[in-house]
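Structure below; questions to follow.
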Amino acid sequence: MDTQENKPKIMEDLEKAGITNLRTLVMINWKGKEYRFVPRITITIDLEKKKKGIHMSRLIESIIETVEEETGERHSSIEELEKHILEHLKGKHTYKRGEIWMETELVVPRKTPVTRKQTMETHDVRIGVFNTNNDGDNGKYGKILEVKVIGNTVCPHAIDNWGKTHIQRAIGILEIRTDYDNEVELEDMIRCVEDSFSSEVYTLLKSEDEHWVVDRMFQNPKFVEDVTREILHHAKQRFKDCEIKARTISQESIHRHDVVAEGSGKV
Amino acid sequence: MDTQENKPKIMEDLEKAGITNLRTLVMINWKGKEYRFVPRITITIDLEKKKKGIHMSRLIESIIETVEEETGERHSSIEELEKHILEHLKGKHTYKRGEIWMETELVVPRKTPVTRKQTMETHDVRIGVFNTNNDGDNGKYGKILEVKVIGNTVCPHAIDNWGKTHIQRAIGILEIRTDYDNEVELEDMIRCVEDSFSSEVYTLLKSEDEHWVVDRMFQNPKFVEDVTREILHHAKQRFKDCEIKARTISQESIHRHDVVAEGSGKV
Amino acid sequence: MDTQENKPKIMEDLEKAGITNLRTLVMINWKGKEYRFVPRITITIDLEKKKKGIHMSRLIESIIETVEEETGERHSSIEELEKHILEHLKGKHTYKRGEIWMETELVVPRKTPVTRKQTMETHDVRIGVFNTNNDGDNGKYGKILEVKVIGNTVCPHAIDNWGKTHIQRAIGILEIRTDYDNEVELEDMIRCVEDSFSSEVYTLLKSEDEHWVVDRMFQNPKFVEDVTREILHHAKQRFKDCEIKARTISQESIHRHDVVAEGSGKV
Amino acid sequence: MDTQENKPKIMEDLEKAGITNLRTLVMINWKGKEYRFVPRITITIDLEKKKKGIHMSRLIESIIETVEEETGERHSSIEELEKHILEHLKGKHTYKRGEIWMETELVVPRKTPVTRKQTMETHDVRIGVFNTNNDGDNGKYGKILEVKVIGNTVCPHAIDNWGKTHIQRAIGILEIRTDYDNEVELEDMIRCVEDSFSSEVYTLLKSEDEHWVVDRMFQNPKFVEDVTREILHHAKQRFKDCEIKARTISQESIHRHDVVAEGSGKV
């Protein structure tokens, strides 16, 4: 007996019902190279008022079957894998609105600025795909991509007034919401944020590289507001047909609290 | 020299600039009794495109001066304290949109269900006040109240089919958005969520109380979808002129992942 | 029937069994003034091999009864409250080793360095009391006090070599383990850590105060290793008959990772 | 000029100085198959009293060079990779005691208990290697392996007394400290913990599988103390020449707090 199909005591449409905090191994083939991730996955669908519950195990089967049976060949990006899971789910469970999120990290190779040594930079990313207006036909797919990048701020007020200043780690977050087919690459988004700090940062820095970063920070003082505006500016130049959100959090070295600035735009 | 007043390199309006993760002692006098909290505070204002930055220290002064000088007499709730801070800030810094959030916990006394012993129940709460349409006059104040309450779900599908079932801790979240003057009490919101689980839970349970809770859970099996619908239902009956959001997360005892259901309504 | 008293399937002594993540309101009367906290509490006792379980509700009753019935008059510090709970528990449950921890925050008033404005500084603290060698008599009480204080590091290598430097937020942790009766005040421990950074930090800083902090940071460059050594040094001078642990974590502004230094001593 | 080589103001030996929260891509070749991880890495060495600081960038170079240049061929496990990093570091920086930790997750394939469907189970793991007594010669290598596995507890007291019970998610943690050469496999450690709960749990469960898990939970009621004792028992049978620690945390479905039990042993 499928209790889920019963009429519920309280009849209310629910926007989302599903799974969260599921972690599993996924593989994609991006530009001819295989990448593996163990993302934290959230997948939800809507639930109409006359049914008591959704069939949770079908959501998990959609993830496992899409991930396992096709061994990474068919998915050229995390967002494509997510779209495949939502498509696969359509054969198992009716829904009008489906949504899937993966939170993971991207490791990007870089060269250090002076000694040109190899270094690896790791960034948190969050990728969501949603399927809407989904009545009988296949509906419309959209996506949200988010990157969270570490950098720094250098206080312009202090440097202007006293020649010296305070410096601190800052976190820049860029979110792009757009149609599924609009090509937006996470690495380009990361670049937009990196280029907006007083200086980009590196995992490895030999003494000459550190000198370069320190110089760059002092030449380039920025409030948290400046960093947010630069992220918006870079994203507007780089991407099209999308909604953009930017947010910067600066972990002040002269305070116990953080400062924050947020903005948005449309191109 | 106030670098903040300079024209920025990139001219973009920012929705929010301010302080986050500030913790300080606040006092309120609620229904004739003094309460103290050490909330985590976020306060932001908008920044127009032609100015480089906001004056962060004025936000902090508004908090400290409102909190310190008036020693809890004048603030009859956290939301009133927040409104006073936003009003105080108006004398120090122009803004069109101001917003303040406090995250803290509420400790509520209860009696255990059978032995009637005294027990104390602690809930996470989050209170936001915002001031908008603020051009010359005093604008309009709104508020968002959120409570996060611990309870449980008991699988109805399992109990219907096999007489036995799986049970787990669940977290119910209720958010109310309304005009500042609409009276909504956090304790009533907590009750709406507690009453929606398979059973409410208690910090102290003697053996007879535990028996009562176990019985109640088995008489009252609920999916995460049921709990979310009940929260919506209770909130719609209890409050008026507000937007309601409900979200339940169930920490499944038969899985490594959580299940989740979300809904909303308007009264 | 008390299942807890049964012989367990596997007979192994357990060092600790009890409660964790319990939050409740506690009050103390410190130097004539009432203070309230909502700590996160852990309380455990040992379990001998021939019993299946401990009686968890008696641990909770000990907390609630000690906290509630005596309304803060009798407890002159968090550690004294904890000792009272362990003593109270002795009348309810036999144990050879009992241990209780409270994690909370301390809000300390300060004056800003130049403008002498009132500011409030909030620090995480963690206080443990344990009762051992507890066979028939009352055993011996010990305590562990920990403070976690925010400050900063300023790279001495960069300033020595290039006149400029990188600066970042740092977290200093000091732990003192000693006999219960040895008077060690959390505020003195906080001072030991604050005085060890390149500069202490403040929640409120007017422009002149900020200038003072920036100057102090540049006059006082320190590696994370220097900060840890200073904390040890200050604690050795300030306290006696105790074991000291110090740990500093610096949230590098030129890297994505943190740097860390740890040391210990005995006086 | 290497400021690190200077005499420090306060001369104290430090146990640990180094890097924490570094994330990078690592590859190992375990039993002929390539595995990739993005662990959170901590690496520290001791610092003698007469030197101001360690050379942090050499620790990072040791990680990057060991990871990058050898492309996973030479490392047959995470612990071997860690040993290689500590060995590599010896050529770059003198130390008496070195220690490296990687925190990551292990994804293990399983079959569901009845329908025998493929499912993937993800567990948090933490692997430390340390090199001590390291004066001139190569010292001695030891290791600590930790697994954190999700399962459940089912209250035996409730089921004995009332036929019904409360059930909840629990987390079992097993730590093994042993010589580097003692073969201890993480998957075997995970099995020890899984077998100690009221039932193991699965990411995918079809209705028949769920029935099996629910039945198993009711046949197998366990306190948190029972689970900890079973983990110790399984580990003592499975491994030799090691120190064992076990800890279980049960997220009670009838309380807001958790219950916990901890024990240890030696084989």
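In this document, chain identifiers A, B, C and D correspond to the written order of the chains, with residue numbering beginning at 1 in each.
Please note the rule applied: a residue touches a chain if its C-beta (ideal position, glycine included) is under 8 Å from a C-beta of that chain, and two chains touch if they have at least 3 such contacts.
The shown structure was predicted, so the numbers you read here are calculated from the model rather than taken from an experiment.
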| item | value |
| --- | --- |
| Chain of greatest Cα-centre distance to chain D | B |
| Chain pair with more C-beta contacts, A-B versus A-C | A-B |
| Separation of mean Cα positions, chain B and chain A [Å, integer] | 26 |
| Distance from chain C to chain A - Cα centre to Cα centre, in angstrom | 36 |
| Per-residue multi-chain contacts in chain B, two or more chains | 22-23, 122, 157, 161, 203, 205, 207, 210, 256-257 |
| Chain B residues touching chain A - in the complex, by the definition given at the top | 1-4, 8-23, 42, 44, 47, 52-54, 56, 156-157, 160-161, 223-226, 228-230, 232-233, 249, 256-265 |
| Touching residues on chain A, where the partner in the complex is chain C | 121-122, 150, 152, 157-158, 161-162, 164-169, 199, 201-203, 205, 207, 210-211, 213-215, 217-218, 251-257 |
| Contact set on chain D toward chain A in their complex | 22-25, 36, 38, 57, 60-61, 64, 67-68, 105, 107, 117-120, 122, 203-207, 210 |
